[in-house]
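One chain, chain A, appears in both complexes that follow, with chain B as partner in the first and chain C in the second.
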Partner chain A sequence: MKILCDRAALLEAVSVVSSVVPSKTTKPILKNVLLRADSEGIGLFATDLEMAAKVRLDSVKVSKEGTVLLPAKETSALLRELSDPTVTLESTDLRCRIESGGGSFVLLGEDPEQYPAEATVVSGKRLEMPSGVFLRMIQETMFAAAREETRYAINGVLVDAGAGCVRLVATDGRRLAISYENLQTDDDVQFKAVVPLRALNTLARALTEGSKEEIIIEVGEKQVVFTTGQTQLVSQLLDTRFPDYEGVMPKSADTTVEIQKALLEGALRRAAILCAAEMRMVKFEVGDNTLRMIAESSARGRADVSIDAVVKGAGGSINFNPDYILEALRQCDLDEIRLDMSDDSMPAKFTLGESFTYVVMPISGA
Partner chain B sequence: MWPVASAPRTILHADMDAFYAAVEQRDRPELRGKPVIIGGYGPRQVVSTASYEARKFGVHSAMPGRRARQLCPEGIFVTPRMEVYAAISGQIHEVFEQFTDQVEPLSLDEAFLDVTGSRALFGDGRTIAERIRRDVLERTELCVSVGVATSKYVAKVASDVDKPDGLVVVEPGTEREFLADLPLSRLWGVGPTTCATLERAGLRSIKDVQSRSREQLVEGFGSNLGEHLFVLANGLDERPVISERAAKSIGHEMTFAEDLCEVDDIKGILLQLAEMVGRRLRRAEQRATVIRLKLRHPPFETKSRQKKVAATADDLELYRVATALLESAWDMRKPVRLLGVTGADLVSADAPAAIVKPKQQSLFVAEEPAAELSANQQQRDKLLQAMDAIRDRHGEDAVRHAGKRRATNPWGPQDQE
Partner chain C sequence: MIKKLPIAVVNQIAAGEVVERPVSVAKELIENSLDAGATRIRVEIRGGGAEELTVIDDGDGFLPEDLPLAFASHATSKLSTVHDLEHIGSLGFRGEALASIGAIARARIQSRRPDGEEGWEMRCDGGVESKPQPCGSPPGTRLEIRDLFFNVPARRRFLKAPHAERARIQQLVAELALARLDVDFTLVSDDKELLRLPRNATLAERVGQCFGRDLSRGLLPVSREFDGLKVEGVVGEPDLARRDGKLELTYVNGRLASEKSAVYSVRQAYREFLMGGRFPIYVLHLVLPPNQVDVNIHPRKAEVRFVESRKVAGCLHSTVRSALQARTMTFGEASASEGGVQIRPEMPRARSGFPTSSPSLFETGGGGAGGIGRGAVRDGSSPSAAEPAIVREPQPGAAPNAAERPNPFRRAAGRFLQVMDLYLLLEGDDGLLVVDQHALHERVVYEQLKKQHAERDVQIQRLLVPAVVEVTPGELAWLESVQEQLGSEGLLIEPFGPNAIAVQGMPTVLAKTDPKQLVRALAMGESDDGKSAIGEHIAERFHSMACRGSVMSGDRLTDAEIEELLRVAATLDHPHNCPHGRPTVLTFSSAELERYFRRRC
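Our next item is the complex of A and B:
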């Protein structure tokens, strides 16, 4: 196999598929990336047996077709450190020589035949949208998913398509984020699939903010395939029942509070400094056109911050874990956000975007 | 002539006969009729229990195994199976608990029962004791000897005098007579040393001790021993039966004359049980932080489920949790013979620290019941207080939560439709 290609493009492609390569594995061969050169260009492929990524590069000069297995870490590092705009790769047996700008490097690879084969993708239901939009939806929801899996804390994000729109929903049992988007197409595609967090993470790294390039999401019975441009990511779906998120959305509110997002974020961050170590909690006191935030801990002291707000309704107080709110605000683009609340034991709803809603359960008994 | 407690109690002492050995002989027919010694004969090994056949040879508990072997060469040594004995002990306790919740276990095979409050329902001490003996035999194929008396000490002596398979009742007022002719060694805590001391003072039997006044005994043997001797010899042991459960939990069970199969009937009983437990919790000024459901399918398959909750003494909360536990424990096919609801891990009703620990709530129902308790809680508390007040004046059944109930059991409050 012999190819000549743009170094930056190759680095980008290798990085994308490398994000799937496991850092710890019992199968050393998985620490490689498969490079296949054919008449039309090259394809890079990597898998950790749960996810797989594939990237094609067309603007490549292929002098000799063939396949080689490249160690992911060393190859990325090398490509990053080289400075020439182009790079040549040539493989003999299991060795691959990389030449660029006066340097010559030989990487010892393993037998490509031993690498797991690409699984045939079972096609299913599909939808399409601008990839920049999908990336935004991922960012608006991923942070709320659970780090570990427990009964109501799913380590994945629900993709719920139906009635002409698609929703991403993530929860850790204590807070829940929903991002939705109306679909352009007329076909009434309908499915519910839970995508592992890792897959979305990997996908997010391959997407560009604001990109208009379409992403195709295809959901099969046990797999999902994301295709955008020359990149394709395949992942197993999580076989879990997602909790009833529609049921916990508050339908009404006794009080609504409209606040400047930047004001809220700053004030909350300051107040949170004085939370107790073992229970991070800030009390929100909603009064006459003010939102007052109080945090205290016997060890550290007390914080009391007030900001202006437009308050309609009864007012009252409610306690939150400040990190839950700060994490969400970080993904929020609006200048002004809205909080809908009732009493201090009911979930509160934050409207953080045109199609971005966030529900948080309070801390009770304080 | 001697003062009898104003309302004489009825105390039972139940003592399984040669328990471990009896279990082994039950489970292994080839051991029946033989001298069975539970324990080992290696160095430092002792006898746990010996079967009655082995006791004829002079073998008894706590004897070194080596010596037991010398005394009884044909003795069959058996390694104890503690898990089995513990399980059987559990079964025996279930029998006890059908008659009273004031059960004080002394060991796996011995317990005191205070059935004073159960007499109205089940009959006198003798009747209860006979039923217990019969039920234990039916349940475990093992014999229990029971002593019935007005105090713990006398009941214990009584259960011992006619072993095995004995039932001895000491009628109120006849305690002294009963004890009089027994040897000194029968007095609790009187071993060879104390015996010798007493004999030197001219006391050779319990009758002799009875003939001395309290002052004389205290003067002769010191305030500790003297007082002790007086109380025991005259059957005046006032110690209460301390149910270790009552302190840690408050619960109520019902066994049904006819097994229940319908969900509504079962939920009706759960409601009754929840009401009773709630009332007792409030009266004891306690709140439960764990709610337990007990369920039995005939003949003896028992299941138990429990759940942590925010501290509560609220009937409907107990009922709600019990129903949720029922759903996880009952497949709706097997008939139900017994239901029990218990509030455990109690906290004082007005301890501020108990409830006011801040806790992050959960969005999804099944995890955290507290999240659903709305500001209606205050209203509910008022309602419960009012109901309690009515019951205090008019009796337990005067007011009920709405709901269908069918009382099919002979030992619960009767239905008031």
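Our next item is the complex of A and C:
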């Protein structure tokens, strides 16, 4: 194999596929990326056996076709450090020589035959939307998913499509985020799939904010394929039962509070400083057009912050873990948000965008 | 063609199950002697016991008319009806031992009843029995086993070197002897006396005789009575801990037996005082009504099962825990050892009414000390008139008499020195203190977290989606019984069908914990009441917070920081260990320093 290509483009492509390469593995061959050169250009492929990433580069001069397996970490580090705009790769047996500027480097690869083959994807239901929109939906939900690697945790985000609408839902059992988007989908496009967090994280890194480029989502029985431009990401779906998120949504509220998002975020961050380290809790007191936030720690002190708000309903007080609210506010673009709350045994609902809803369970006394 | 196996072959096969190596022979024979009421047992072995193993006792001896049945299978004098199985008080009961041994070795019995005129002798060579013959014999029984496995070469090949087999026998004799302080034990190997255990020693003395004198100085006596359960024995100072669990000895009604939850609960009691990978040493005797124990679950009787295992575990935990917390010993200085074990001969019976048996039944041993073990085995064998009450919640029994271990920082003088950016040297009340700054700070931070937590109201992070956890019916019953306690600690649970519970809320301190894992850990734990069960998990969380939040090895401290650390340490109740059990301070007493510098002999 022998190719000549643009260094920056190759670096970008290697970085994207490298994001699925496991940092620790008992199968050393998985630390590589596969590079295949054919008459039309090159394809890069990497997998950790649960997900796989594929990128094609066409603007490559292929003087000799072939396949080589390259160590992912060293290859991307090397491409980053080289200074020339172009780079030449030439392989003989398992060695790959990289030439750029005055330097010559030899990477010891492994046998491409031993690398896991690209799985043939059985495509099923298919969706299309601007990739910038999908990125926003990921960001509005992913933070609420459970991080812990436990059975209870729902380490994934639900993609629920149907009736002209797509919803992304994530929860860790204590709070839940929903982001939705209306689409002109065919009536028969209807599915529910739980995508692992890791896959969405990788995908989010490959997408650009506000991009109009389409992303195609194909959901099969056990796999999902995301395709945008020359990049493709395949992931196993999680075989878990996602909780009934619609049942969790509060149907009514005793009190409705409308607040400036920036005011709330600033005040809550200040108050949260004085929470006890081992027990994060801020009390929200809703009174006469004010929202008062109180945090107290016997070891550190007490915070008492009030902000203006438009209050409708009975008012009252309710305790929250401030981190749950701050994490959501970070993803919110609205100037004014709405809080619907009842008592401390009922979930409170935050409206954080036209299509972004967030539900948090309060903290109560014993 | 199918044939019925000859008795000799059947016995050889059965022997394989009972007799694995010389130590199994020794165990069967010594237990027989104990069951025969011996007060003096001498074990002589050659070649690790495979060549020759002789047990001589002064027990009841065989009735001459019983002797022909000695080597018959399933013949025993200890049990006659199925009903007796529920009240097993003797050590052996299946009537297989001698038959098995006789089938695979050359055995010889010489025995005389105390009231008999002459002794009788009988042999059994690889299952071939001789006729009983009169012989000269002192009162008691002498059982001689030679050439073990002479007719089973396959077994013989699996024997270890003689010294290894000897070590096993030595451990066995020690283990049996710790249950019977009223019996004199001697072990002789190749004419060398390995163990000499005179009667009526205290338990601590005997532990020292068995396992090394230096052990006996660090043994804390314990004795507690609960409703329907008596716990007594000795627990070792944490610094005696070993790398194996060989000296974790629990006796149930006089029989050495392990029970999972019991072992676990004692280790839990030690947890704060021991480093990981270390096992405590202890010898504990549990006496409880025989119908509260199932001894018939293990072929070698090495395991038992308690009807109320949680409650037994709770009692053990609190007994050991309070003994450890009330230690009077200072590091390196033996002060508790003088007293040794204090077992009062007239230990009052538990309120629950253990089956009281007629004392004449076991009035074979010398009076005086004893107490442990001696009566226990026989006690159970007499059918109880009053059905004994089940073990209940731990009740404060005999209060631990040892005074609180003093806080060494309380009287530390004002001068100190930090060395190696890790240790603080200071002058204590009587001698030199070497302090591990990280370990001590960890304890200080841990106590602060605990105190703040105790002052705060319990807060519950409610769950949006209840977490459903599958549990066994037994676990469910326990969880339901402590549901309210758990709720008041912040864990809201509700039964969810016949074998699951739903978690509705979590204590805010544990909000990051997975609800399912928490409930599973609680259900499988050994703690009896919900409050302390959940307390353990909260403590664990504080441990890790304290560890991260403390000064580390390598942090250079200013004088002001050291002063402050020592000042706070002086206010603590338990400054001797960090929350993970590592010691915080090493004391060189002035006496030790004087001895070392030869200022005093």
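We take it that the second predicted complex is superposed on the first by the 357 of 366 C-alpha atoms of A that agree within 3 Å, B and C clash if a C-alpha of one lies under 4 Å from a C-alpha of the other, contacts with A are read in each partner's own complex, and residues count from 1 in each chain.
Quick note on the criterion: a residue touches a chain if its C-beta (ideal position, glycine included) is under 8 Å from a C-beta of that chain, and two chains touch if they have at least 3 such contacts.
What you see is a predicted model; the values in this text were computed from it and never measured.
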Chain B versus chain C as contact partner of A:Arg175, first or second or both or neither: both
Which of chain B and chain C A:Ala299 touches, first, second, both or neither: second
A:Asp343 touches, of chain B and chain C: first, second, both or neither? first
Chain B versus chain C as contact partner of A:Asn321, first or second or both or neither: both
Touching partner for A:Met281 - first (chain B), second (chain C), both, neither: both
Residue contacts with chain A in the superposition, chain B compared against chain C: C
Shared chain A contacts, counted only where both chain B and chain C touch the same residue: 151-152, 171, 173-176, 243, 248, 279, 281, 319, 321, 345, 347, 359, 361-366
Residue ranges of chain A in contact with chain C within the complex: 148, 150-153, 171, 173-176, 243, 248, 276-281, 297-299, 319, 321, 344-345, 347, 359-366
Contact footprint of chain A on chain B as seen in their complex: 310, 355-364, 366-367, 370-371, 373-375
Chain C residues touching chain A - in the complex, by the definition given at the top: 448-449, 452-453, 455-465, 467, 487-490, 505, 508-509, 511-512, 514-517, 541-542, 545
Touching residues (chain side chain A, partner chain B) in the complex: 151-152, 171, 173-176, 243-244, 248, 279, 281, 319, 321, 343, 345-347, 359, 361-366
